[in-house]
Amino acid sequence: MQRIVVINPNSLQAVTDGLAVALARFRVPGGPEIACQTLKNGPPGIETQAHVDGVTEKLLAHVADNAEARAADVLVIACFSDPGVHALREVVRVPVLGIAESSYLSAAALGERIGVIAILARSIPRHRRQQRLLGLHERIAAEQPLELGVAELANEERTWSRLVTLGTRLREEHAAQSVILGCAGMARYRERLEDTLGVPVIDPTQAAVGIALGLLLARQVATSKRIAA
Amino acid sequence: MQRIVVINPNSLQAVTDGLAVALARFRVPGGPEIACQTLKNGPPGIETQAHVDGVTEKLLAHVADNAEARAADVLVIACFSDPGVHALREVVRVPVLGIAESSYLSAAALGERIGVIAILARSIPRHRRQQRLLGLHERIAAEQPLELGVAELANEERTWSRLVTLGTRLREEHAAQSVILGCAGMARYRERLEDTLGVPVIDPTQAAVGIALGLLLARQVATSKRIAA
Amino acid sequence: MQRIVVINPNSLQAVTDGLAVALARFRVPGGPEIACQTLKNGPPGIETQAHVDGVTEKLLAHVADNAEARAADVLVIACFSDPGVHALREVVRVPVLGIAESSYLSAAALGERIGVIAILARSIPRHRRQQRLLGLHERIAAEQPLELGVAELANEERTWSRLVTLGTRLREEHAAQSVILGCAGMARYRERLEDTLGVPVIDPTQAAVGIALGLLLARQVATSKRIAA
Amino acid sequence: MQRIVVINPNSLQAVTDGLAVALARFRVPGGPEIACQTLKNGPPGIETQAHVDGVTEKLLAHVADNAEARAADVLVIACFSDPGVHALREVVRVPVLGIAESSYLSAAALGERIGVIAILARSIPRHRRQQRLLGLHERIAAEQPLELGVAELANEERTWSRLVTLGTRLREEHAAQSVILGCAGMARYRERLEDTLGVPVIDPTQAAVGIALGLLLARQVATSKRIAA
Amino acid sequence: MQRIVVINPNSLQAVTDGLAVALARFRVPGGPEIACQTLKNGPPGIETQAHVDGVTEKLLAHVADNAEARAADVLVIACFSDPGVHALREVVRVPVLGIAESSYLSAAALGERIGVIAILARSIPRHRRQQRLLGLHERIAAEQPLELGVAELANEERTWSRLVTLGTRLREEHAAQSVILGCAGMARYRERLEDTLGVPVIDPTQAAVGIALGLLLARQVATSKRIAA
Amino acid sequence: MQRIVVINPNSLQAVTDGLAVALARFRVPGGPEIACQTLKNGPPGIETQAHVDGVTEKLLAHVADNAEARAADVLVIACFSDPGVHALREVVRVPVLGIAESSYLSAAALGERIGVIAILARSIPRHRRQQRLLGLHERIAAEQPLELGVAELANEERTWSRLVTLGTRLREEHAAQSVILGCAGMARYRERLEDTLGVPVIDPTQAAVGIALGLLLARQVATSKRIAA
């Protein structure tokens, strides 16, 4: 039995539960199991570069200690800052997918220009480094921040209205041909926003798990467990 | 019922049959149907830029005339030169995936440096244009041609031996962290080569169908049929 | 006797006639003959990627069948989408010039930043791919569409007024040091617009034929006919 | 009467005479006059960046003082280091073409990958800066130096043999689709080398004068003299 | 005794005196001597590419003739157009630092996005060439000109007010994380502007002398004099 | 009193002591104090991406808790993988310099092409990401690994001989105009290697402290302490 292990690197079980809901449709009969795990000793949110870097060691320990993660055939790190992805790739022999990288690459498969909606303006410089490192910075039409506080984000109508405003601006003013929801927790708006905007809207975790599923289906049998000691 | 339609743009039914075998594992219960079609009036092989361009019109006509293609939720064009992909994107409202683009993007999700094995040396300039257009040219470690004649390609042991030689060279001398099989028809060597080289080996059609599957599973219900008149 | 063959890949003889007028001044005594041909079975206009790709096969057939084209010393494809150019280069042994490539390269010879006036906004993504493929995307100051309907384009004063508006904006707001007329059919505005704007204005077909003329004058005698069977 | 003024920025009249021979074929009846001038107070050769920079002031003075240059419709600076080109563009209102820029751009119009033959290895870093500044560095297949001393350069058979060796290497090992003779004084080998290699060989001064001729033929009448005071 | 020789390539002793004041703090006990020299036969200001190129020869003569310059351990050319820097590097064996290059590189060490304040709009194309040549053009957030006349520049309050306006705009609208004063003569505003904007403000000459000082302190003893004949 | 705090992020006091020796010459009378600190709870060496990321949290805690670090005017992180640099920049208001970034930028100030000597081949992909992120990847001539085991590295003659071999190859075969010692612990070879190779050799920690010293000397008085709570 193959298994995709999706690790939410923040400590909020509610976020993991949300991922599980968004990923339920990727659990296909006969296909790989999809386990969603919470990094219990992670920070409650990953909002700074310090959070990003600080999570790596805990992720590595988690993958070494957790039997399910150790047996994973693909690891997905479910945070739009892709924490620990390069570090895990050095020690683990199975594919390690970052959801930001996966969403940029999926968007690039659909058309020339990519729009991004960030939660906070202060994350944009960090995202810009990722885009340049990936090599796709020329393909980014623009990145716009929701810039909503916690209370506003909890207000679904307020959030929705802002998503539509930004998505429309990305499509109209910046000629974006797809829009990435730049966060692990906005999957519930994806389909509705795609229908409203008329261009593909990408949820990063779904993008990564889609790629993971493709990698595993390409193998006829589960690979032997390959995570290094 | 969602449907991925994979179109082999050359006229050889045997190639389409080979694709169907390679893609069988992507037909998951409850998931989208995967139909493999032959462009019957396509050329017997796509080896020149003239073939690439010449196929577009036939592909568009096929998609307009064929009920199954017209009802597709994702179209995959199964040729490593990605013929007709940009043209289809202008007229069709569902995602159109080229297998070359999809394989470069999948490889980029797995690691820094990408190796490519081409069939013929004379295709490499064409591939290089694709890599630059995609924006991932800095990520290509090297591209090496099999440069085998038809008779030699039919000889599986000869082909296998050459694949191992080139794959090893890409990994050792060019530090490739993944290897793309730069052709729609080498899927049967994929898994064995991956096991031999110890780095991910990517079959382009599987890469594209993997991405397509991910896009469709992300939708709860089949989209209304959206191909333009 | 050397010969430049300029092929208008759309079927409108009036467009070819316009090209012939714009190119008359390149017919120098003792220099190469300049033949303007119409691709009679081409589409009436080339406005989509499907048109671009679809023209290749017809262009190749035309070049193979037409004695004058087969005897060309340079081929110029007179459409700003450069249809068939890469395909022709693979089979023909004489230089094949695309008018878009030629105009970007000529503009780059004149100064740092290049402005482009497109006919339609929806062509800009296609042009952007050409610019990136050529490697000169960093040199493009901006591209602006006329966005005039057929009736308005037929109105010379309306078209002229819009050209001046866009050209001035490219020069003033985007610091363009030259302006390309991004279409095969606006040569008659070139000189007047150049005088009005005070920066070089480039007609793509003239740019390509200028380069072609230079290539042929560099040869002391006509080359033996070199188009491959 | 339109006029292209080609200025050899070194003081050797023999070099200017060679240019005049190479450019004779660009003097077409009814076309622009082509005047070849020697910068009499220039250095005997331009081999260092100091020579390159040092020539600018003299070039500007020459253009201001010389009636023929002042009346030029296009200025061509005939040295592969393009001395004074940016400076002249700031003060002169007619097009100023550098022969290195012109040759790179002409080569780019003919195919993907460009080979360059330099005279001396120590010029290659300077050329590399030009290539990056132009934006075409990704298109350079390789640059190889003749690295011949003055006596050897005077020996035509020795020079020819070396040109064939390097040109063949550029075409075979580096997949160059055109070859630039990276010097203002090798025009006499151009045609023979092109015939031997079977790929276009570009003489920089001919490339620039070809572009200049094209620019002027595009104008129906001679422009009023436009060189600033 | 090690020595940094800073050459003001314009003829204004007042500018050199200003540099000496700005650099006084880099004269550390036991550290290298810092000599500020005026290129007496330079132009009164360097405002055009002609000035830039024209200064090279005089700089080379100055360095060859002036005992102090000839004995320099590092040469700094104190003009934001970096005149003569590449030429000097070819003939002098000690490091030659351009203040523009040095300021871009120092800014890049401090954060992702760099703002630049130019004196005049017409210098910006020249600066843009430098930025692309250096390879840091993707890091430039924006460049804005003071665009003040001589009388206004002499008015410190007018200049200061304009610096604050532009600096604030670079930080707020263009997300600049540092600001370069793009001129050799604005050091006296540096600290005050840095305190006002709250992001590092870089004076180019100080940046270059800082790098020079670092290079020399890294050596335990003065190098033997190494300027070539 | 201004202070540069150099933090060795590995736990080896001997390495810190070596840094202090290499930096002694940067302690100039009247200039900033240079404190070298050991991150006592760091790993004994930083050899993997996991080490790199894992150090960030400890570095942040160290800077928050250590009075001297908290009072720093510039922080230098003395490891060639630049751990924690981006994270520190988000929370600390003083400049934070990474020694890898600083050495690439210093090398870029000295000439076109930069050679790098790594300790281990497996660090090169990590370095390549840094080079691309910085934007200077086009300037890297080549990177070569010492690939010596611990015992061999302790053997100074063996290490020296290998450094000369690699440095010579970088200069001769790859046209490197400077060489970076890609590690925090090889300063003692710097000057001797520079003398042997005849091109600048850069020790990363010295490069960073040189830049830091320049930044601080540019300020007339110590800035108020600005590290955020």
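For clarity, chains are labelled A, B, C, D, E and F in written order, and residue numbers in each chain start from 1.
Quick note on the criterion: a residue touches a chain if its C-beta (ideal position, glycine included) is under 8 Å from a C-beta of that chain, and two chains touch if they have at least 3 such contacts.
Please read these numbers as outputs of a predicted model, since none were measured by experiment.
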| item | value |
| --- | --- |
| Shared chain contacts [chain A and chain F, defined touch] | B, E |
| Most widely separated chain from chain B, with each centre as the mean of CA atoms | E |
| Copy-to-copy rotation for chain B and chain F - C-alpha atoms, rounded to a multiple of 5° | 120 |
| CA centroid of chain B to CA centroid of chain C, Å | 33 |
| Whole-Å gap between the CA centroids of chain C and chain D | 25 |
| Separation of chain D from chain F, taking each centre as the mean of its C-alpha atoms, in whole Å | 44 |
| Set of chain C residues in contact with two or more other chains | 89, 129, 132, 135, 138 |
| Touching chain combinations (by label order) | A-B, A-C, A-E, A-F, B-C, B-D, B-F, C-D, C-E, D-E, D-F, E-F |
| Chain B-facing residues of chain F, complex | 124-125, 128-129, 132, 137 |
| Complex contact set, residues of chain A against chain B | 25-26, 28-31, 89, 95, 97-98, 101-102, 105-106, 108-111, 134-136, 138-139, 190-191, 200, 203, 206-207, 209-211, 213-215, 217-220 |
| In the complex with chain F, residue positions of chain A that touch it | 48-50, 52-57, 60, 83-84, 86-87, 89-91, 126, 129, 132-133, 135 |
| Complex contact set, residues of chain A against chain C | 112-113, 138, 175, 177 |
